[in-house]
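Alright, structures below, take your time with them.
Consider the two complexes below, in which subunit A is the common component and subunit B and subunit C are the respective partners.
Take a look at the complex of A and B:
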């Protein structure tokens, strides 16, 4: 139970700046997801909070206490690694209890805490097994168990689900969310998967090139992206971007507008805001994604209901949307408000 | 059909010939050892007059007791103990030193890390024989002639083993070290609790190799032990050979040779099981 505060955190590797100053205030019990493409510095940021990387400048505090110079073990954190990092020669019980053993916790208390964690994670039948005798999902749970038993102030997750298959990932995602709610421990979760970020986060941090482009609640970020990067990264399929010059009427101050695929609809050629040629369409059952090419060469995606009529490839269509669903961006790719 | 396609038909005699070939090979290799064993169970005159006996005689217990208790220069039991101490000292010492130096080189960033690694690596190019005179000077200067420390210490540093452990440690995922750090393990704790158990297969394999290396040392013990009670068995056998007009006590010498072979065989066979189990169990 703790707050976490990052104050203008920067990281340099040699002469390369990796993180250019990130500020973040995490409230007690909040679930924060850091999302971004690979190489944006999100893992480095997490590792700095963990104490596995030094902080070049700025300050990290947990519960108001500066932890920049503390070893990981003294920061009262627990971390779940991408490849689980289980000790291969130890049983599940030993893996989970190793941290407690080092902290010289009494044996009876260790047994009790491991039993509680194992019950919570449905690991009780496997406590005597070695990690190699477990499935991917079970290993993932052991890694979680190792974090839980320590009762840390802050949980750190470094892409914990990326080694699992798609179905298990969805299931574990729900379990992690439920577990975090139940324990109420402040959590920092790194992922490159925007669906994970949307579903897990109380608030999410969208990182781009070492900068936090936007911090906010998932739906808020989705509805009001602060930059074209955020608009393009969050949401699948991605937001369509159109240069204002390509539109029939000008938009004051805006250089580009973004339109979410679900806000656009297909109409008869010549009657919409713009025209396009159908390249191909993906029928997903509940919905159909129609990919079009605009006259200037940009691609445009329209998401429509699965029951709507689907145009043929090569057909020319009009594309229409309500003007108030447009997301305008200035020439610097930042969001602008149109009066 | 079966005769022409041949696979099944050929298997019978083919298998036979294979086994016959292997058996003959084993017999050829085993024959000298058998002769040594036979010679260790008969009397001196029986050996010296042709034809040499091919079946064991009745003097097994007497000859082996003579060898173990009195020997020629020193009792064989004493030489066996010396060899055992030297071989164990070299094997265990080498493993401990190389584990620690590999741990330092892989997991710690200190000034001159690469330099030290290459210095260790460079010593690979200098076998004992090349540096034997200066080493002798040093050992003599420390007054370690005719002592176990003199037998063990000059041979205890091993670039090969350091290199092997370094390569193994490099394959251990970094996340394991980081997880241990988050769990609160200080470096030596991580080394003992995580790295050592994970290296046990490598340790077993190296122990076998290094034990035999230590056991078979000949030149170095020959140089620094002048007192027969410090002789190791491998050099001791040579010392038993007659010089000038002495008469060689062949049954005792042969009994000594057979005894000298036993400990390495025991080590190989007993460690082999652990070694294979380790390989089957290994997981990464």
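Take a look at the complex of A and C:
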């Protein structure tokens, strides 16, 4: 249990700046998800907190104590790796108890703590197996077990679910969330999957090119994206962007507006805010995604209920939305407030 | 017809350079030729009987065991140490690697001459410095020093070979496993003992077998150039004794019997090696 504070963290590899100053305050027990496309510096940021990368400038503190110059083992953290990083020559029990054994914990206590963790993660029947005899999901659980058994102050997760298949990923996502709530340990979780970010996070950090574009609660970020990048990255299908010039009426101060696919609807050709030609549509059952091409060549996606009539390919439609659902952005791609 | 034709070159090479001489050795080991090579007398297993009762031959087994044990230990230990250092290098890793691989290109006999010059009791640079320090180096008379010198010379070229395998083995260990151990609280030496070394075990076992075979059979050149098996019999390993008894001592029957025994030793080592490769641990 601890707070975590990042103060103007920067990272340089040689002469290349990869992280340009990130500030973050994590409250005790909070679940923070860092999300962004590959190469945005999210993993580097996590590895700096873990102590696996040096910090070029800025300060990291755990529970008010500066940890910049501490070795990973002295930071009281535990980390779950993308490839799980299990010790292949050790049994599940030895994997989970490795850290405790090094800390010279009494044998009886090790057995008890491993048993508790194994029960929590449904690993009890597999304690004697080697990692290669386990399925992907079970390996993932062993990695979690190794982290929780040490009762660290901070959990670090580096894309822990990206090696699992889609169904298992959803299941493990729920388990991680439940486990973190139960243990109440401050967590930092890195992912490139915005669904994971939305569902797991108390607050999320959206990273883009080494900068934290926005930090906030998932729904708050979804409703009020701070930049065009955040609007485009969070939410699937992505937000539609239209230059204001393409609209019939001008929007004061805005260069671009964003419209969420679920806020737009199809109307008769010639009516609505703009027009488009249907390129193709994807019927997903509960909903249908209609992809259109606008006269200027931009694509536009409309998400509508699965029961609504769906236009044919090549058909011309009007597209309409309520003006107050628009998200306006200035010329610098930043969100602007329209009075 | 075609398969046989395609196999033929390999079969011919094996027959001419292995089956024919090996067969001849087995055949000759059953005879004692007269000193002029005009006729030979069939003695059955007499040569073997004589060898196994010969204290010099049995002593040579012990010498071989000590020699190959030391060569394996020194060359693998050095190689592992260098590989650990090279694995941690960030700058100039390629240069170091290339430099460390060079000694492998030096033929054993040439390596032997190099070491002989360095340790020559009269003109050797190293023995001269040792003399300044008050140590009288003389491997021509001192059996321990002679053994030390041939072990050093034989190991030197071998370090490169072992280094390559150890480095590849080290680099095959996922970085994240080491990082996980670091987060779990393991310092460098603990990590090496509990994670790195166990994960290197397939490489280590493979090298162990290969190095023992090397020390047994491929160190002839080194021993021949440096000590010629002396002083007394101190560095006469089995392979050297085959040469010495056969070509110098002209005991062709006894020498042939020795090479038949060696043939069995090779066979035994090969079986161990194959057993191991089949059962090699897969992670």
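Note that in this section the second predicted complex is superposed on the first by the 339 of 339 C-alpha atoms of A that agree within 3 Å, B and C clash if a C-alpha of one lies under 4 Å from a C-alpha of the other, contacts with A are read in each partner's own complex, and residues count from 1 in each chain.
In this section, contacts are C-beta pairs under 8 Å (C-beta built on N, C-alpha and C of every residue); 3 or more make two chains touch, one makes a residue touch a chain.
Since we're looking at a predicted model, the values are computed, not measured.
Since both structures carry subunit A, what do subunit B and subunit C do when superposed there: clash or fit?
When both complexes are placed onto subunit A, subunit B and subunit C end up clashing with one another.
In the overlaid three-chain picture, which partner chain does A:99 touch, first (subunit B) or second (subunit C), both, or neither?
A:99: touches subunit B and subunit C.
Please indicate which partner A:50 is in contact with in the superposed arrangement: first for subunit B, second for subunit C, both, or neither.
both
Mind working out whether A:318 is in touch with subunit B, subunit C, both or neither, as first, second, both or neither?
Neither partner.
Which partner chains sit in contact with A:272 here, subunit B, subunit C, both or neither? Use first/second/both/neither.
neither
Which partner does A:137 reach: the first (subunit B), the second (subunit C), both, or neither?
A:137: touches no partner chain.
If I apply the document's touch criterion, which positions on subunit A are contacted by subunit B in one structure and by subunit C in the other?
50-52, 71-73, 77-79, 81-83, 85-89, 98-99, 102-103, 132, 146
In the complex, go through subunit B and note every residue touching subunit A.
So the residues of subunit B in touch with subunit A come to 173, 175-176, 178-185, 189, 193-194, 197-198, 283-284.
Could you please specify the touching residues of subunit A with respect to subunit C in the complex?
Against subunit C, the touching part of subunit A is residues 50-52, 71-73, 77-79, 81-83, 85-89, 98-99, 102-103, 132, 146, 150.
Spell out the residues on subunit A that touch subunit B in their complex, using ranges where they run on.
Per the touch definition, subunit A meets subunit B at residues 50-52, 71-73, 77-79, 81-83, 85-89, 98-99, 102-103, 130-132, 146.
Using the touch definition from the top, list the residues of subunit C that touch subunit A in their complex.
174, 176-177, 179-187, 190, 194-195, 198-199, 201, 281-283
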